[in-house]
């Protein structure tokens, strides 16, 4: 019998990095080493601890990383609590990759890119950012606007400081919600910061974050002159199968797990407002 | 009766006593009636219905309706008033926001019993002197009215309204019912026979939760069977054990609070006699702790919230009845 | 009727014991070196009233062949009235299980005080023997959990 | 046309059951009918339809997907799939037969669901033409002719004989396997019976129901309709409609700890349930209105949008007779159309 997508692979957690007080990044490899499967930036995988539950997480490592996959996971429910309690060497089950991806090889090619992320929303974008950094010649300018509640809540802060900020042609703008000691950067919410920075409207925008942030940022972008066709986002709803059959993650007739999670805002605008 | 009800409802809407009316709405066929809320006289004229098929107990909807602004008029049959009383006692409804008109009770009809006779293609049903004249696309059929009566009405416990603001028609009495007959029959079987009986019944269960969701006593915000943290949440009986467990817990949770309105059995798509489980608890409570009718009043303590120091011991179960 | 003593059958007995009386009673039977079967697995609960019907059912689901609930004697509850509620609740539950055709000897409530070590041991011996005679729990088991 | 006399039906069933498992709709003591594994002597139900649909055979209410053995930090994945045995479902009605092609569109589209496909490959669907449709029937609305049902092999009852018509290779194989019991028969009377049934179809109360106002292009119009509040008002949020529905295919995946390991199983789920889309941080379908809307939008709009206009309903009428509050797809269609 063929392998069924509902039957998962085994993955071994080979490294756990504490990013913020409630976000950890897990490195997952196949038991014999190497990656479990190839993916494209923006795609997701179902992680599970048998007996606890299964949930969809975006793959945060870039496909250009050929050794392992990474998942940045925020503690917010039953399964994630268990995942956070894991130690290195723990096996988990993984299946995927699921969903579409950011059109990095088609529509985004040759474009100036603007990434806007809030909080854990950086996780799915990190895959794209690192992908385009590794294939620098294919893309124009890169700008990242990233905000979080506080300095401690900035996911992948070390990577941002040491790698992204030191790259040529990558502009990183960080902001936190409230002023705090040891922070001399920008203070304020992401939507306002985007307006302050007034990015060039030739850029293609990739945005991910809490729904409320997306809502206001999108409004701000429109004020600046951006069109909906220029803005991509990635969605999340409750999922069980990951292949558009279990019937719960639909927005209108589109399944987030299969037709998404990446949507362009003009596509999203045609769907009913139920997410 | 239907006409008088519509007239009275219109008056109460008109003089501002109530803002909404909860009752029953006509369907596609002669029998598929939906509980509905009416807000205008036009809606009442168009769709309000009260006939032999308006069996649905609307009291559970009052949990939601009575929390809205403005009074709601509810037409309640005797059995429904018990449910409302129980809900009032448990502070699940705002009784002050409900205007209850007591209306005569059943016996109501069970369309499934008519269909079980092989009568199909039904386009109209008339009751002529307690003979049902059923028009079908295959010609007219007849059957005695009492053969099509709902089980819950066939063993009616009371025709008395226990709470109302106004009464339409005559007040009835509490009846001497035969409602424990089947429970007793089962009690007198052997343990193996009982087991076989319930296996054949409960194995039909599709876990649609209709019995739970229709039950006026089941008003938890989050049911233990839906709560992933309870450890027993499930959506399908993956094993015969889970069929038993669901129905034991469902019945146990309403033990002492179940007014025996019979809705659970009425809505079961698989015709499982679920009311027998509830009645078993009622019968046991009556015999162990004294006669108790849930919903008869709004002040008494439920039997499981109470005790006396000389209650019988659990071993009584081992000492009586058939092994 | 077929006589079957199920002599080789080792039933799994789950005993819910209240912290204040029965658990201490079990302890006492141990310190007094009284024997009771190793089939009995004790689960300590703060009060017999803590045991809700689901506990009993889930014990059966997970492979118990008999479930016994021990608490303080009526009137002696550490929380004054817990065991009175237990009594009503378990009476109704056991009656329901009996009604569903589950063998009634698989369930029991027994009042055991902290001083009744001997009663605890005797009760467990007797109950285990009764369940052994009944054989494995087949009417209220979850096949998925059956021991191979 | 090949036929068998109705008096010899049991011989036929015995012959089928000797070779493979046979499932047959039989009457229960409460007047309803259900599919049962055939045992010698059983008689086929005369009822129009079973309470539960025939989808159970290919998409059972619960099924084990995979087992896990957990030991310390290690997990072992145990593939529990087994090749299904051959089986025959006899007496499937035209509506249920069509439901399989709808389920196929979901489960056999990429990536193929091997659990479903396994059963589908091994199951032979033998349908039975309808002669006495009920008032709740509206399969005609979805282009189904109940007098000539689909399936691998169709059967027709002319009152005295059962005629067999194979629709495909699997059906032909089935007919061949019982050919020793069949004989060539005169189907003239059958044509009359079919004609009568078609005439009845025209007179059914729901004969005029049409799908012309539904389909993928109505997405936002119907989604934003103000009718949903009234329609969903008395919905109990139970799963009766979804569980008796032959085309409802939503499922949940859950884990069960047996004490020896973890069983991951899938079971039917209902979009009518409050926890269907509930996540750790919220629920996009908070009230019964949204859940109710989802079910009917899925059948009447989303499904045709994704499947070349095919609707996710076959008009079997089960939800019409089983809904505790008698709210159903027909009432929804009529209300939405009524501008």
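Note that the chains are named A, B, C and D in the order they appear, and that numbering of residues resets to 1 at the start of each chain.
The rule we apply is simple: contacts are C-beta pairs under 8 Å (C-beta built on N, C-alpha and C of every residue); 3 or more make two chains touch, one makes a residue touch a chain.
Since we're looking at a predicted model, the values are computed, not measured.
Annotation: B-C is the more contact-rich of the chain pairs C-D and B-C, by number of C-beta pairs in contact. Chain centres defined as mean CA positions place D nearest to the mean of all protein CA atoms. We define each chain's centre as the mean of its Cα atoms; on that basis chain C and chain D are separated by 46 Å. Work out the mean CA point of chain B and of chain C, and you get 36 Å between them. One simple way to say how far apart two chains are is to compare their mean CA positions; for chain A and chain D this gives 40 Å. One inter-chain figure worth recording: chain A and chain C are separated by 53 Å, centre to centre, where each centre is the mean of the chain's CA atoms. Under the contact definition stated at the top, the residues of chain A that touch 2 or more other chains are 53, 78. Multi-chain contact residues of chain C (touching two or more other chains) are listed as 142, 144.
Annotation for chain D: residues touching 2 or more other chains are 252, 256, 269.
Looking at the complex, you find that chain C touches chain D at residues 62-63, 142, 144-145, 148.
Residues of chain D touching chain A in their complex: 65-66, 68, 70, 73-77, 79, 81, 83, 106-107, 111-115, 118, 216, 219-220, 223-224, 249-253, 255, 257, 262, 264, 266, 269, 271, 276-281, 284-285, 290, 294, 297-298, 301-303, 305-306.
Those residues of chain B whose C-beta lies close enough to touch chain D in the complex are 27-29, 32-37, 56, 61, 111-113, 115-118, 120-123, 136-138, 204, 206-210, 212-214, 226, 228, 234-238, 266-267, 269-271. If you check the complex, the residues on chain B that touch chain C are 183, 186-187, 191-199, 224, 231-232, 238-242, 244-245, 248-249, 251-252, 255, 277, 280-281, 284-285, 288-289, 303-304, 306-309, 311-318, 321, 323. In the complex of the two chains, the chain D residues touching chain C come out as 256, 258-260, 263.
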